[in-house]
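A short write-up of the structure that comes next.
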Amino acid sequence: MSRIDGRTPDQLRPVTIERGWSKHAEGSVLVSFGDTKVFCTASVTEGVPRWRKGSGEGWVTAEYSMLPRATNTRGDREAVKGRIGGRTHEISRLIGRSLRAVVDFKALGENTVVLDCDVLQADGGTRTAAITGAYVALADAVAWARGKKLVKAGRQPLTGTVAAVSVGIVAGVPLLDLCYEEDVRAETDMNVVCTGDGRFVEVQGTAEAEPFAREELNALLDLAVAGCGDLAAAQRAALEITL
Amino acid sequence: MSRIDGRTPDQLRPVTIERGWSKHAEGSVLVSFGDTKVFCTASVTEGVPRWRKGSGEGWVTAEYSMLPRATNTRGDREAVKGRIGGRTHEISRLIGRSLRAVVDFKALGENTVVLDCDVLQADGGTRTAAITGAYVALADAVAWARGKKLVKAGRQPLTGTVAAVSVGIVAGVPLLDLCYEEDVRAETDMNVVCTGDGRFVEVQGTAEAEPFAREELNALLDLAVAGCGDLAAAQRAALEITL
Amino acid sequence: MSRIDGRTPDQLRPVTIERGWSKHAEGSVLVSFGDTKVFCTASVTEGVPRWRKGSGEGWVTAEYSMLPRATNTRGDREAVKGRIGGRTHEISRLIGRSLRAVVDFKALGENTVVLDCDVLQADGGTRTAAITGAYVALADAVAWARGKKLVKAGRQPLTGTVAAVSVGIVAGVPLLDLCYEEDVRAETDMNVVCTGDGRFVEVQGTAEAEPFAREELNALLDLAVAGCGDLAAAQRAALEITL
Amino acid sequence: MSRIDGRTPDQLRPVTIERGWSKHAEGSVLVSFGDTKVFCTASVTEGVPRWRKGSGEGWVTAEYSMLPRATNTRGDREAVKGRIGGRTHEISRLIGRSLRAVVDFKALGENTVVLDCDVLQADGGTRTAAITGAYVALADAVAWARGKKLVKAGRQPLTGTVAAVSVGIVAGVPLLDLCYEEDVRAETDMNVVCTGDGRFVEVQGTAEAEPFAREELNALLDLAVAGCGDLAAAQRAALEITL
Amino acid sequence: MSRIDGRTPDQLRPVTIERGWSKHAEGSVLVSFGDTKVFCTASVTEGVPRWRKGSGEGWVTAEYSMLPRATNTRGDREAVKGRIGGRTHEISRLIGRSLRAVVDFKALGENTVVLDCDVLQADGGTRTAAITGAYVALADAVAWARGKKLVKAGRQPLTGTVAAVSVGIVAGVPLLDLCYEEDVRAETDMNVVCTGDGRFVEVQGTAEAEPFAREELNALLDLAVAGCGDLAAAQRAALEITL
Amino acid sequence: MSRIDGRTPDQLRPVTIERGWSKHAEGSVLVSFGDTKVFCTASVTEGVPRWRKGSGEGWVTAEYSMLPRATNTRGDREAVKGRIGGRTHEISRLIGRSLRAVVDFKALGENTVVLDCDVLQADGGTRTAAITGAYVALADAVAWARGKKLVKAGRQPLTGTVAAVSVGIVAGVPLLDLCYEEDVRAETDMNVVCTGDGRFVEVQGTAEAEPFAREELNALLDLAVAGCGDLAAAQRAALEITL
């Protein structure tokens, strides 16, 4: 039984990672997972937030947002509403935590990198695409900072790579990298963030309809680990060009 | 090697669930997991939010908040700051989703139950205590609604029970129900929400220091499932008194 | 003619003042005036707001809030609405002014005490219960600060005690300490804050229906002064245990 | 011993009440108490707020504000800060309550009058000048509504007049109608709102330095009642021109 | 063909510029263009915003606001709405830019002047009246600062005068200084800010109905330049009294 | 004397207008003026804002925003700050007015089109690029609405085309289509919006340094009219492909 778009259950959508999409940002990527497109920029500034000053350690944080018409129906801008919604907050925090998992803050020194992940077009999996693309933008920004000697010679602030993918159970079948139509029908929805060596950074599973059993959880984790492995390969391929 | 407070790794803190803590609310509970104390009220109103009108289905939602001095250092009130923080949003959404997993909205009919979970004192695990206590307040509120005939005769809006517990790895050892001091030192932190029959509603694991391996994840899930079983028993004990 | 709850016109509701209700706060009290229950915490921090720096004088301020379901009908959270309402502002300011009336700021030194008064259950007189309870929490916090040598040896930052009570005219009869049902029907409503030696800190009288005459005002003041005297005795009784 | 500006203790500052200061508003007044100048407009609209619809009763409300440079030092605009401060809220509520005390809402019918009181120049007593001037604007607005037949023939929505004055104890002497310099030095500060027949609508007394005794309170009330009597005469004089 | 109020197409409304309208502000003006009345105050403070510190240069900025009942129908206060609207922002920025065009910031030294322009009554042209009046308030404030030696001896921070007027095409005829009724019917509306020597500081033309041709634009500019010349004369006349 | 990027004074930067950039929006364009890139989407909804209901007329509005790292230095998100800045408000309003100048609202019927213009990369002229691109997105959205029969058969809601360009005087020389570096140094800066037949919709000129003379204004208008003619040709070229 094939999927809406003809994929097998364990198949990612076509993934593209285009670097250098901004002339201003220290790192920038347009990442696409199928029709989901996220523009990720990494901005480096010297110094750290007040609570971290004098620690000798850097900081990495992220902000996620959707353009109003990224989705099928136009959503109100959060700037116009005057407040950020719970979903936006939640995803921004997830992206920041995920990237920090592969950063050596001592090696980074008192520098800050802000990742902005703006969804230009949404078709499911925007947070996982954002993490996957933001990592590449971060890698470029870190390389820039090393070139500018903001980072001490011989230090490598990145301890590895990190990527993310969604998995879910649709009509009883565990599937990898859900598109929007699948996501809407999923009984269980999980986002998994893994390092390039296959360990977990985040596991967030939610029963949308029925509570799920341990075996289902296991099947989803298997799919996700394999998917993150493929994404890690795509990240390495994208970065090998100049790193 | 015993824990800070002398517990074994798989032992919950003392759990108390006191019902009837408010003379106004349709359901109310003061729940404590050790020194963590959360006041949960359930408010029933006829009718549903606009987007659900005419569906014949009810709605359940939750709001979480910390009193300013629930923690060791006073925090600013979100009402004074004029905006709700990301953490508060995230937890409110988690509590709502967790409770909705055991609600039959058709049976509830077009009624809304709002769960307010206000943390009076925090010592780790406030969100899991909130879910566990809020379920009992919800059960009382549903019983009240049935008594008032807001719910059709013979319909049972609750499909089961739901409880939650935190687990984490501290100094390499998987532990159940972390107190604040353990939580701060945890390498990995996970919140697990289970139904009374041992299935998963939410699994949210985060690597705080090192990414975690599949075996560690499995050990944490084992601890959590057992802990949720004990909490489900405590919920049943609390509710048997009058239900 | 007896009152709704059987009291005589000049009788307070049962008053309880429980200290030590929080393991974190420097002072904490659960105060109840009948079914009105307010949780008061006092938080001490070294230093003062910017505008007072270098003065050698301390500061005391207060924030009042109602839990959403403290009342018979659930109210929206001010944090969710994104702004504090006029009533909340007004009461917070009243509590702060009342407590400052018995503080010697030079003796307190450059320390700040914040009183948080959160209404867990409301049945009329929440602001007067808050003032009465907050004073006891403040006294405990000041004792703590003296013990920690934050306050110079031999200095006593408290110049006396302060308590508050509501009075009003219901069906032509002046009554002490109105419960909610009485408050709703009152033609005139007054909140009076007195020091332990019977002098006035605040007098706030409002004609809810008919303007009131000077003799009515005098009768209400007589009731209030006597009621505050009883409350001062209850405060002393509560504090004698350890002070 | 004479006052800063040569007045006797029981003497008001020069009071002027100029009507017709706006070509748009249904009632408008520029009121001055010495150098305190408040521009009051009364806006009539058919209909009432949602919570009052169908009651057959009208509504009167007020909003108070200070221009940024009404005071000696420029204050930030509340619109720029994005939130209304506690003092502004408190005074707006006081003005509204004071005016409602002399309105027969059944006679007014389902019409709303909004009083805007904007302080152009402040020199103490802005809230009492605002109440005194707003009453005259309200009277003009009500006359306009009667002329337009918004109010049923033969009905008089105003049951009397209302005025307000500040009193205080400065250097031990009770004084009427404090200017800013006196207000700053006052040990006790009280605002009193009276109807034209000498009864009380609001009494708000605050100990700024020392708590005050019953005799002091009595002396202040005597001064205030006499002052409000003079202000009521000034209101009648201003209104006799066309009413 | 004469205008609604009998003026010729190239005629200003009666213009009055009254100085010294506030006892507190360093400069203050009540300016009227016919029934449009704007109260302008200039507040001088030593020092400049953070981004300009150490530059040796001063700063001039402006805030514009309408009282709620300045217009025919009452508008909600922006402070109550909690946000400043686009129109208010736009006009505040225009006033600030216009005044800065005639300021020599080096001569002003590190001092800041804030112009507050509050519309007491609106009948078209509020922004142009505000600029014209604010200039005079600014001139008085600068003279005050020179008298106080905040400005170095011999330095003149003002390089000239600035005034503004609206022009528009109504029923095909170019008109100077539109009143509200004309403004509503205008096909094209333009605000022009000129220095006293007839050069342009701002030209803001908008097609309200039909796009406009180059010849129409030219005719409007001719009218505006002449009108600004008359306003500059009125400014000089107002200021000659004491400068 | 040639320009920074080698252009002649009357030469536009390379302009590209790519349609169909979003799979969700009814019209979408990525427009670039050199390195300035703006993503414009047009969203059609049936119905109009409340104040226009029952008029039989449609509505067109616009929202402009910059991604945080569209510029050389990262700017804070307005959603995070909780309020929209004056510049954003001003440009959003300008875009909306410009597009409405070529819309026949009766022909559009009670439908609304919202144009979202998000700047992905900024290098001067973002508002003029936004207007030019948004027109093309609007044209596609209108064509879609006609295809869907939301617009009555035979009605053409667009009365013409509209485009915009910036002009300015740099080092005394009038230049067309300023890039950021030129914009920063411009003595005078003007944005001009023209219809395809060469008439003016908006003229907004500002003296950044020196006030400008009538001849300078004329020279700038000449440049702008010619530039808008070229942009109109580019719009027609882009749209001819499928219209």
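The letters A, B, C, D, E and F name the chains in turn, as written, and every chain counts its residues from 1.
In this section, a contact is a pair of C-beta atoms (placed from the backbone, for glycine too) under 8 Å apart; a residue touches a chain by one contact, two chains touch by 3 or more.
If you're wondering where the values come from, they're calculated on a predicted model, not measured in any experiment.
**Student:** Chain by chain, through touching neighbours only, how many steps does the shortest route from chain C to chain E take?
**Tutor:** When the steps are counted carefully, the minimum from chain C to chain E is 2.
**Student:** By that same contact rule, can you tell me which chains touch chain B and chain F alike?
**Tutor:** The common neighbours are A.
**Student:** Hey, how far is the Cα centre of chain B from the one of chain E, in Å?
**Tutor:** Taking the average C-alpha coordinate of chain B and of chain E, the gap between them is 59 Å.
**Student:** Take the average of all CA coordinates in chain C, do the same for chain D, and state the distance between these two points in whole angstrom.
**Tutor:** Roughly 28 Å, centre to centre.
**Student:** Compute the distance, rounded to whole Å, between the mean C-alpha positions of chain A and chain F.
**Tutor:** Distance between chain centres, rounded to whole Å: 33 Å.
**Student:** Specify, in ascending order, the residues of chain E that touch 2 or more different other chains.
**Tutor:** Residues 82-84.
**Student:** Taking the contact definition as given, in what order do you meet the chains if you travel the ring from chain C through chain D?
**Tutor:** Following the ring from chain C in the direction of chain D gives C, D, E, F, A, B.
**Student:** How about chain A: which of its residues touch chain B in the complex?
**Tutor:** So the residues of chain A touching chain B come out as 83-87, 89-90, 92-93, 97, 101, 190, 194-195, 197, 199-207, 210-214, 217, 221, 225.
**Student:** Taking the complex as given, what residues does chain D use to touch chain E?
**Tutor:** 22-25, 28, 35, 39, 41, 43, 45, 63, 65, 67-72, 74, 77-84, 88, 114, 116, 118, 120-123
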